Each structure stands twice: as C-alpha cells, then as structure tokens.
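Right, one structure below, let's go through it.
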C-alpha cells in the first residue's frame, strides 16, 4: 500500500473587480466576482514543496486585473479569455476553470447606479487542450407564487403528519445553471431569454409538486433554446406555513403566513436532451 | 451602595409574516419582518422572577399574526396599530417600539412575484401614553457613482499615505431613517419621495467628501418634504481602489478597480431643522 | 426654519490587524478588529466639502498599524492609546471612540494556534478632553442549560397560546458589556473574572424568567468586582421547542427539541449601582 | 431529440435537533443539523406531478425527530440508521444520503454548557441496496501558524508581482473529510485521532507551500489510521499581509499583519491509497 495524491486543484477565489467603461459622460460598469481553479501537473508542490510548476494565486489575481483592462464583453467572454490564457500559457496547467458572479446594477444617472438586487448572473468556463465548456446561470433568484400550487397524493407512513393541500404558497431562492452546446452564442441574449423562461414557467405553470415545476422550467428553456444542452436547477422550498388563527376566533383562508427559515426542502434536478453528450467536465 | 435595575426592555424579534391579499385572480403580498420591544413596570420579573406583569414574547408574536388578519395598510400603519395595542392593553407597558423591515417584491404575474432585491423599507414606531413617534427609512440601499467624487485638502500627519484624488468611485450601502413631524402622513408617498430624493442627490451632486454628500441628501429631503423633521444617515464608504497596472505596462485611467470589503470608512450624520423639537424617544 | 447639521461622527471600521510577538521560538498572537469613530468640528466637510479639519479614515487605519508596532498590552490599553492620540493630536477631534473585538486563539504549538471559537472579547474606549471611559465585554457567548429554567405566571390575554412550563431549555447568544469606574484596572484579570461570573450565574442560578437570569448575572459581577460600575446585557432567547412525538406514539420528556432560528425573544437590561454616576458618553 | 429527466434528488435540509440525555442531575446534549437527500424512482412527480412515490420532506423531518427519541450514539450511527430507514422502507428510494453537522458544546455545570466554537464535526452517510459509505469530517477548523511557512521558486510571468518569502503567516479555515473503509469503526476515537493528526501536522510540519501542508496532513491521517481509505481537504489561504510600516520610519519584521478577507487562495486535494477502491458514491 502506498499513499498517493488524488484529484486536486487550486486557484484564487473571489477577486472582486469593478470595470468602468466611459463613453463620454455616460459610464457603464461591470461588477464581477471572479474565481479561478487550475488542475494539472502539481504533484511536486504537494509531495516536496517544489513550486516550479505553480502559477501563484497572486499572479492569477493580477491576470484578472490586467485582462480587465481590455474590453470585457459578457462574463462568458471574459471567462473564456482567462481560462484559455492559463491553459495556453503554462505547460503545467491541464485544466482551468473560471467562475464569475456578476452583480447587476441599474442606471439612475449618466454615471450613477443603484444595486439591482441580490440576484447574480453566473458564468463558469472550463478549458483543457481538448475543448471549452461554458455554463451560464443565475443564483439567488427569489420567486414566490401565492396560489397555483398543490401538494397531495404522497406516501403516508407512521411518521407522516403533513396535511394534503390544494392551495399553498410556493417560494424558492433558485440557482439555475445551463450548459451551452458550443461557444458560438449570443451570451447576453441567451442569458436573458433563459432567465425569462424560467421565471415565466414558475409563475404560470400550475404546480402539483416543486419537482414538477423544476422540470417544467428546464423543459421550457430546452424547448425554446436549441443552444442549451442541459439545465441543472437547485430549489430550496422556502416554506410558508398558514398560521392557525382559530385560537383567536379567526379563519385564515391562505392569507396570513409564517415564513420559516429552517428546515427547508431542497429539490435538485437535471433536465437534458437524449441526444446531448454528457459533459461532466463542464460542472 | 445598592445594586439596582436600570433601563431594560424585551420583546419578540424578527417575526417573519407574509400577508396575501386576494382581489380575484390578482394577489398582493406584504412580506414583513416585525420586531417588538416593550419597556415598563418589569422590575419584578428581573428581581424575583414574578412574571405577573409580563406579556410573553410568544403572545407578541401571536398578536402580530392576528393583527395581520385585518387589512394592513402601509408598514407605518401596521406598526402604529401594534404599538398602541401593547401600550393601551397592558398597564405594565409604558413604551412599545415596533420596528418593521419590508422586503419588496415585483409582480411578474397575477399571483407570482420576484424579489425586488436586498434593499429594505423600514418603519419604527414608538408609543407611550404621551405620544406616537414614527420613523421611516431604507436599509441596504446600495449606490455607486463612477465619477463626480473628489477627496483632497485633508489633514496630513506622519501617518498619512493616502494620495489626494480629483476623481474616484464613491459607493455605499446606505441606511437612511427619517422622523416624521406627526402621524397624519401619506406614508407611501412620503417614503417614495424621500427615497427618490436621496438617490437623486447622491447621483447628481458633485462630491468633495462623503460627508458633503450625506448632508446634501438629508437637506434635499428636508427641503422638499415639510413632514420630515429629521434625517439620520449611515454610509459605509465601500472603497474601490484603482488597481496599479503599471507593472504590466498598462495605464489605468480609473477604469479597473478592486472592491475591498474591510476596513471601510463609516460616516454617520443627522440633518435636522433648527425649529424641530428633539425626539430622542423616537430612535 | 433653517436646515442644520446635528450629531455626526466618522471613522475607519473593521481594520483587521494581527500582531505576532516573538519570544524566541515561542510566539504570541493578538487578532484584533479595530473600529474608530471621531466626532468634533466637522461641519465644514458636511456643508462645503472643505476637508481641512478631517483626519482621513485611511490615516486612522495607518495609525492602528503603526501603533501595533509597539507592545500592545491588553485591548483596553491599545484602545486607550489610540483614542487619546486622536483627541490629543488633532484640534478638530473632540471625541474619539475606539472599539476592538478580539478573536481568541488557543495555542497548539510554539507558533501554531487554533481558533478558540466564535466568542469575542470586546473593549470600547471613549476619550474627550474631559476624560476616558472604558467599557469591556464579551459578544457571541453562546450558553445553554438543559433544565433549571421555568416560565409561568405571566399575563394571559386573548392572543395567548403559550403553555406554562416548569422545565425548559434556556439558551442564548449573549452580549455583555460593562463599564469600569476608572482606568486603573488589571484588564485581563477583570475580564476573566466577570466573564466567569456571568457564565457561572447563568449555569447555576435557577431561572423563573430570562430577565431574572440576566439581572442575576449583572448583580453577580457588580457584587464581586468593585471596579465595575454598570453592566449591560443583551440576550436573545434562542428558543428550543419540545417536539410533539405523540403522533408517533412516543412520549417526549424534554429530551428531543427543535432549535428555532426566528422569531426569538430579545431581552435587554442594565444593572448598575445606585451611587454610580451615569456615563452616557461611554456607550 | 427528446427532453429527458437526468440526475435528481430531494430531501429536507437543516433540521436542527437538540437531544438531551439525562443521567440523574447530569445531562448530556447532542446538537445536530441534519440534511437528507433521496434519489430513486421519482420521474412521475417531475413529469406529471404524481406524488405517489414521494416521501414528503416534512415526513423526513418527523423521522429525524422520532429517531432522535432513541439513543443516538455518534453522528455516524445516527446517520446510518436514518439512511438505512429510507432505503429499506420505501421501494422508490434507491439512495439516501444523510449529512450531519454537529455543534460541539463544553460542559460548565451538571446541565449547563458553553458553545465550543464555530468548528463543526461532520458525518455523511450514503446508503443503497448495495452498501453503506461513511464519510466523517470537520468543517470551519481555523488554524494559524505565525512562522514555519515559506513560498518561493514558483513560475514568474509578466503578471507576477508577488515577492518570494522565506517566512510568512499561514492561516486557513479548513474543511477535511475522510472516507472509512467500512462501517465497523469506533467513530468517536477515529474522529478524535484524525482531527488531532491534522492539527498536529499543520502545526509542526515546516511548509514550502499550502499544497505540501495539505498533502502531509492527509498522509499523516492515512499512515496512522488504517480504517481511513481517502482524505479530501479544502483549505482557503487566509492571507495575512505584512504591513509596510516604512513610511512611518518603522521596520516590520513579520510582526504587524493585515488580515485580508478577499480574494483568497483556495487549495483542494485528495490523498488516498493506491489499493483503495474509488467510491464516488460516497461523496
């Protein structure tokens, strides 16, 4: 028996870069949180502390800033440029992953902005010598529907106390990520449309379970957008319980709810095409 | 020397209530986080554990839910009703404070909503037998201007290394609270207008210091809104540092910034009217 | 009517400084989060943007680092030195507040340490030309007793549903702060003893209400430590609810609890001496 | 092309259960945060909303509480019992994962406890009809060494500015997880010993890179504990930068450091045995 090094990667996480682009008095901003992870020929640094094949994470951070000096494009473009740089420049780097979270801002003035909320736009790009995989997404997308959701017909056992319901609040803080078939994409357009379809399906599709809603959301995106190969969605079920007002002589016709923090249901699912090649490398 | 009980208060914090109001197929929601604090004749429970004058915090929570069964109005209305209830109903309660944080939602469908972000609308109402004080506000209002901000002319001493600047990013996550002169107010209109004036002043007023901006924001609100007696603003200076790209042979004309988390400047100020009576009780 | 500037202060918050002191192979570390707030003659920067009386927050940060180069002593010592510096050095500064949070570490080796947890030691020093006030404390001190706590005899009204109990879990994440009579104190000894008395009283004193426990804790500190003038304690009641296991045919004799996040009771109180002068400036 | 359902799972996350065990006046407590995820024959609920094979997450929560009524044993025991229950009881459940985070407490009295900090003990158990996999671990284990760490000899390119160092602070907030060879283990003993070895190796092993330290930690655990098949460690590099005090005429011989929050290096690695079968199912 010998002890051996298995999978490993390293990189700089959460470099928070803000890029201002000036068009006369009108400015644009990109507010990005960039994380890099490199895998490759890094056994030496683990086994002996020989760092001669290591690109320091400090250099990775500097590279982000230097690359931000050029026009950035969409976050998918910027992530591709960065990921290809590390794979192309350094023989020891076999795989580079660049994950970007974009904070959206709304313009209120030529050069002033107000935060457009807690929702984040995501891109994650993986590069090797063999290819480039692009995953886009949205995190912390908080949605709620106050009716149009049922839950019944489930298994009952000796530990079941949940009453069936034909009408409940359904709320979640969604993370949805989707993999593109290739890299010849209008990133902004695709992102906007997939996001719109996810929200629209959540809102308008009558729901018999959160799983059904999750699947319908991914299906809507895949049906409308041929450039999307696969969708992965994570939806915590942010429970809203009907408050029992009967001790106070009041009925509660699904009007007053208590929003609970923990525990919460957590639903995770993948929706794909039967002819899409799998790409575990991308995730 | 005797050991004595000084100021004290207690209550239920962070009851998270969601109220759905149905107008046919169209629903409205109010998403409130309500905290109550009561002061009064509570020496016995401290000194001997005699709870005969104590309104349990569990009952306070129930009261929030029961009151939410009636039409809520604006959060100022709801807070006033709750605060007056506790002072009016219980002889032992001399002062009730009800603080509400409202999470805004945007409609995407008849009965579906998407979170309108991390910004919160605030109301804090204090009631005693002698009066009712209403403070409104906004928390986590994140704004950024990419130019139109300078900082120079400050004291230099042996520990000064900061270079003067004629152009910097100014960004903050503001909490602003304002006290109303009385309770005969169109709460929604006042809130919307004060919020608009704060943002507009931040965006358009050229700044020589964050203090100057803070004062100008409060002044704009007081000038335009006679119903506002006093404004208190807290502004962390979310530093955006120009990245030194010269080691890479690049100029950086205020285009690439590093957004720092800590430490941060923190500016706090009050703007008031010389004829406004002070109301320390309100805060 | 004229619009005027009211109370205001500014400073650098959360400068995170770690000081290593080397005694041969044996090292000691101090891990401090330092926040400074200055008040004084700062109307000009608010009204006109004239910064000629402003000590930049960047300079305040530098001063913390420079002062950390000298032996630090206890956090109370370090805060006093910093606060006196700003009041003494700058005519425009009338009042300086320095608040320090110390992260404790446990030694595991000559020069290696493991975090001693989430609890923080606090010091807050206020200086003016007239004096120096020192407040010490502890934050995020999480304690739980699994019996020895009752709650009954409270007011019942139409919104009361809470059953009385003769045995419950009592748990809290306490912040306790205490003001010293003067500055001639053995800071480390006083801190350790007050902290010990707070925990011991929580643990051993039978409780009829969280208020009674809070008062007893402050009283124990004041009785044993003449150098303490006043104690202020904030205790969220971290509710642990007995789970109803009867649907599963099981009794639950206070054995299985559900720990709830929100809402929570919040108890705040001051315990002082009848002959102690008030010192609102200190807090 | 057909749209199809891919990998999916669901369950109840973060059920926070506290178990008190009474031995006369002396109590013991277990404070657990339990998350369950089930995979299996759940296509119907996704495709049509037919929930007839679904075990509601509410029932999963109830099951945790009911199982907590029996003696719990170590968290590995409790997780195994729960995971086997779901796989054994329900034909539609092919795989159950139960992940537990245990909050440690220190005794201060017969029945009173103080939180032993932010570090958490972990167990994650996966069950199918074919087997049971047990992973144990520790999260948020924060360690720091003030010397005994170097970093040099790395790749320099046009974006490198980091100076080489022969002496730096090395600090991390580690998550380490290790997979056991089987389920016949003295869980508490193994956990304690692996944790001790990780800390001891971090503290005493001279470091030329964080990767070298990570590997040495895993190797120490594998060498000493034959029951451990594989170790996975994630170590953020919590950078402590030497403050440049030269503008103030001071030297800084690695004494005064600024602790930075973001960005941070992130090192992830697996250490295993060449004769250990892989078990991707376990993670």
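Some points to look at:
Think of it as A, B, C and D in the order they're written, each chain with its own count starting at 1.
Note that a contact is a pair of C-beta atoms (placed from the backbone, for glycine too) under 8 Å apart; a residue touches a chain by one contact, two chains touch by 3 or more.
Every value quoted in this text rests on a predicted model; they were computed, and no experiment measured them.
Looking at chain B and chain D, the chains in contact with each of them are A, C. Chain centres here are means of the Cα atoms, and by that rule the chain farthest away from chain D is B.
If you average the Cα atoms of chain B and of chain C, the two centres end up 23 Å apart. For the pair chain A and chain B, the distance between C-alpha centroids works out to 31 Å.
One simple way to say how far apart two chains are is to compare their mean CA positions; for chain A and chain C this gives 38 Å.
Contact with two or more other chains is made by residues 15-16, 62, 66, 159, 161, 247-248, 261-262 of chain B.
Contacts from chain B toward chain C in the complex involve residues 1-16, 35, 37, 42, 45-59, 61-63, 66, 89-90, 92, 151-155, 157, 159-162, 207-212, 214-215, 218-219, 222-223, 230, 236-237, 262-275.
The residues of chain C lying in touch with chain A in their complex are 158-159, 161, 247-248, 261-262.
Considering their complex, residues 15-22, 27, 29, 31, 62, 65-66, 68-69, 105, 108-109, 111-119, 141-148, 169, 199-200, 202-204, 240, 243, 245, 247-248, 250, 252, 254-261 of chain D touch chain C.
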